[in-house]
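Okay, so subunit A shows up in both of these, paired with subunit B first and subunit C after.
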Partner chain A sequence: MTRYLAIFLTCARACLVRDMTFRANFILECVTSLGWMSMNLAFYLLIFQFTPEIGRGTGWSREPFFAFVATGLLINSIVQALFMPSAEELTEMVRSGGLDAVLVQPLDAQFMLSMHRVDFSSFANGFVGLGLLAWAVPRLDQPPSLLAWLLYPLLVLCGVAILYGLVIMLAAATILMGRNQSLYDFWFYLTNFSRYPAEIYAGPWGGPIRTVCTFVIPILLVVNVPARVIAQPLEGRAWGLVAAAVVAAIVSLVVSRFVFQAALAKYRSASS
Partner chain B sequence: MTAPAPGSPMWAGLRTWWTMLSICLEERLVYRGDFALGTLMRFLPIVTQVFLWTAVFAASSRTDIAGYSRNDIVAYYLLTMLTRAFSSMPGLAGGIARSVRDGSVKKYLVQPVDYVSFLLAARIAHKLVYYVVAALPFAGVFWVCRGYFPPPPDAATIAACVVSLLLSFLLGFFMEATLGMLGFWFMEVSSIVFGYMLVQYLLSGHMFPIDMLAGIPSGLPGTSVADVVHWLPFEYTAYFPAAVWLGKIRGMELARALAIEAGWVLVMVVACRIAWRRGTRRYSAFGG
Partner chain C sequence: MHNTDRPAVAASTDAVIRVAGLAKEYRVYDKPEGLLASVRGLFRRRSRVVEALRGVDLAVGQGEFVALLGPNGAGKTTLLKLLSGIITPTRGAATVLGHVPWERADAFRRRFALVMGQRNQLWWDLPAAESFRLHQEIYRIEPARFERTRDELVDMLGVRDLMLRPVRDLSLGERMKLELVAALLHEPEVLFLDEPTIGLDVVAQHTIHQFLRHVQKERRTTVVLTTHYMKDVAALCERVVVITRGSILYDGSLQRIVDRFTTHKIVTLDFDEAPDRDRVERFGFPCEVRGPRVVLRIDRGRIADALPTLLRSEGVRDVSVEDVPLEEIVAELFRSGGRAAGLQESAS
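Take a look at the complex of A and B:
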């Protein structure tokens, strides 16, 4: 474990050195992601010009909703920074045969393929998320309890773990299919469902979507559970969701590990 | 009007255009499966928007927001998908800048083929293939969501909508092509393109109908942000054709907006030509 941590830190240091070599590009990338995020925040502010909350009686009024958005920013920035750059590179590695070089190393392939590249500029949104959280939480009608504050980082990590499992399964699909650019687009479109409170998925169409996105692909647990714990009273149904998030995180990690290993066993080198 | 005679310069020009178009059509059809899948997936974000606005309407107890009912909003988002299918030009500006950077643009300087015309033919081919392949997913989604649409508008409105869509294609093309031409002055235009995309996404009506900005003061006396946006080119690439179909813009207002759109197309055609002429004059051909 210590060895893997040391290797990860070495990789992260190398990525940071590379980012700082092209400092202007790094700043530009930070500005880029901050630009998109600001635009989304402007959109949410516009929505609250027309409604006191999102969904009748859901409790997602302006401040709780911005705590929700902040949580989403935090979780997504961690995934985008730590896992997505490596996963995006995998497509090309499988196609070109570069994956062979990783497989012959005396290291766990999943570790190397999912964590060897760190995109530090993606942390920018995470810092804004923290700032937004610091703005929203003191303005909540009911401040979060000490227990909620203790659970929050754990549930953020659960959200990261669920998304990590999804990334790994898509990476496994890449290995099996040789190339799957569309599936990475699918990742983007799928995570889009986690951007809003689960309560909005109601009615004859919304109900099934909510069920599938909670129990089959637990994307709705990623942001909803930690955000609910911090922004809404921790009682009744919330405890069931907390348990579901923890279970979903563990299952995601285990299943994705199994699928990834099965995909590697079927890998046939593309190089000569 | 008589058809151009074989052997005449106009005939030769038409043949060149047809050749460019058929080459690009063949290139595009290679990836038809990927195209169809990609098209269907692009509707997924709209699903979340539909639920979001349904929740907003449910909580606000309003029957309309900025003149849009819940059904209007859903129809609006679907129609902007159609509009964007005309006006979006993925990779155009970046492609032009790259051809300047790696030197491949110089073949258009020595061949009797106009670069902008070639790009336009390529883009028309790209769009034609896209419409053929995307017709089925689009028809499927629109049929499933037919209950959200108001009754079809009259023939004049449909004609205005079609004109606005064609103009939005030209506007999108010449705006992005002009941006790409900046590659003659700057090594890398990706940051400029990003800035453009950001403004475009916000002000085109892709995220929400521009009418929702009508209540926000612009800082100019008696003028809202929506009033300012109506004079800019961006909304004509997403909001305008959708709003025309939904009957939100009518009569003199519609005629005026069409004139503004046509004016912007003209401005961007001239800007693109000037950028090409000045850019090629200062261009030094590097690369093999």
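Take a look at the complex of A and C:
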């Protein structure tokens, strides 16, 4: 474990050195990312000019909703910074045969292929998320309990684990297919559902989406559960969601591990 | 069964690489030309099985330097990928250092290295020194041992200054030298080299030859090399394994190939002035006549008789005798599939 941490820190350090080498690119990435996020926040503010709450009786009024958005920013920034750059690079590694070099190294291939690139500019959104959380939480009608504060980081990690499992399964598809350039697009479409409170998925269309995105691809548990724990009273149904998030995280990690190993066993390598 | 003059190695108990009946098949899809055929291909595709390796047997002893030769697509790189555990075979068995390669055990992967001349394993945007540090962590190399080995290797290859420059700013030759340093930092017992000198100039090739010879001699490293450059083979390898169409055609010494395949020698004569063709044709076949210089192919059996006569001939200023270029010999071997020189017949 210590060795893997040392390898991760060495990779992270190398990525930081590289990012600092291309300073202008690094700054541009931060600005682009922050700009996109600011536009989203402005859009949400616009919506709250017309309604006090998203969905009647859901509890997602302005401040709780911004705590929700902050949680989403935090989780996504961790995934985007730590896992997505490596997963995106995997497509090229499979196509060009670069994956061969990783497979001959004496360490877990999944670890190396999912964590060898760190995108530090993506942490910018995470810091804004923390700032937004610090703004929203004191303005909540009911402040979070100590238990909620203890559960929050655990559930954020569960959200990260669920998304990590999805990233790994998409990466496994890349290995099996030999080429999967739509990986990032597919990821974007899938995670788009997790950016809004689960309560909006109601009615004849919303109901099935909610069921699929909770029990089949548990994308709705990623942000909803930690955000609900911190922004709404911890009672009744919330405990069921907490349990579901923990179970979904474990299942996601186990299944993705199995799928990834099976894909590696079928790796064909590119012609030289 | 392929031709071999190395039964002792194959039967040896101290072989570090053992391969028995190793086969690898790939299913490939044929894509017919044209838009209509492409649309049809979305629904129904024709596939066929390609045999990259067809039941290969091989044993390599500790400290051997073996060249895998063969035309493009013969199966050389496939064999290296199987031996390094990158891909899994369709049939057959293999062990390297007592491990089944495709089980990818860490204990095995710590003991070998693979360098691919056409692929970059160092971090592209960073100095090689950063990649070396990562290797140190991955292979758990003690700091003192890491620094000693790294310094020794970079000094041997003369790349100490280069390891602090971003890899993308280096030439191909400089990059390959640093790739070799990275691969050898953990002092592997087995080294697989896939065309390590491809695209390099003669100076870089020579430096790498000297370096590899030194490493193999000093550390008793077992080296398996694939190459299309006969200079690599002549400079480094005593043993040659020729693979064509996925099967081993020949396994033995390089000298034996030369002896078997060379029926003549090349004799270059420099006259005072352009000679008559008839005058030189009686010694051998004139493959090149350019002014006073004549290049003759003379049967090996006749060379001892022909040379003294040639040297005594009037107007001869200089004579040089060479073997047929190795490239020509090997190309003929690939073309004929070994039949021309009787390799197949002597297999049993």
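One rule holds for everything that comes next: the second predicted complex is superposed on the first by the 270 of 272 C-alpha atoms of A that agree within 3 Å, B and C clash if a C-alpha of one lies under 4 Å from a C-alpha of the other, contacts with A are read in each partner's own complex, and residues count from 1 in each chain.
Simple rule for what comes next: a contact is a pair of C-beta atoms (placed from the backbone, for glycine too) under 8 Å apart; a residue touches a chain by one contact, two chains touch by 3 or more.
All of these numbers come straight from a predicted model, not from anything done at the bench.
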So, after the overlay on subunit A, do subunit B and subunit C clash or fit? They fit
Where does A:Ala101 make contact in the superposed view: on subunit B (first), on subunit C (second), on both, or on neither?
-> second
Expressed to the nearest 10°, the angle that the Cα centres of subunit B and subunit C make at the Cα centre of subunit A is 90
Problem set entry | Contacts of A:Leu45 with subunit B and subunit C, given as first, second, both or neither | neither
Query - Partner chain(s) touched by A:Leu147 [first = subunit B, second = subunit C, both, neither] - result: neither
A:Arg3 contacts which: subunit B (first), subunit C (second), both, neither? second
Chosen between subunit B and subunit C, the partner touching more subunit A residues is B
- Query: Should A:Leu16 be classified as contacting the first partner (subunit B), the second (subunit C), both, or neither?
  - Reply: neither
Practice problem: With the two complexes superposed on chain A, say which partner A:Asp185 touches: subunit B (first), subunit C (second), both, or neither. | Solution: first
For subunit B relative to subunit C post-fit, closest CA-CA distance rounded to the angstrom comes to 7
Note: in the complex, subunit A contacts subunit B through residues 28, 32, 35-36, 39, 42-43, 46-47, 49-58, 181-182, 185-186, 189-190, 192-193, 195-197, 199-203, 206, 209
Touching subunit A in the complex, subunit C uses residues 26, 77, 81, 84-88, 104, 106-110, 112-114, 116, 118-121, 123, 125-126, 130-131, 133-134, 137-140, 166, 194-195
Residue positions on subunit A within touch of subunit C in the complex are 3, 6-7, 10-11, 14, 17-18, 21-22, 96-98, 100-101, 103-107, 109, 265, 267-269, 271-272
Subunit B contacts subunit A in the complex at 34, 37-38, 41-42, 44-45, 47-48, 51-52, 54-60, 62, 65-66, 191, 194-195, 198, 201-202, 207-208, 212-213, 215
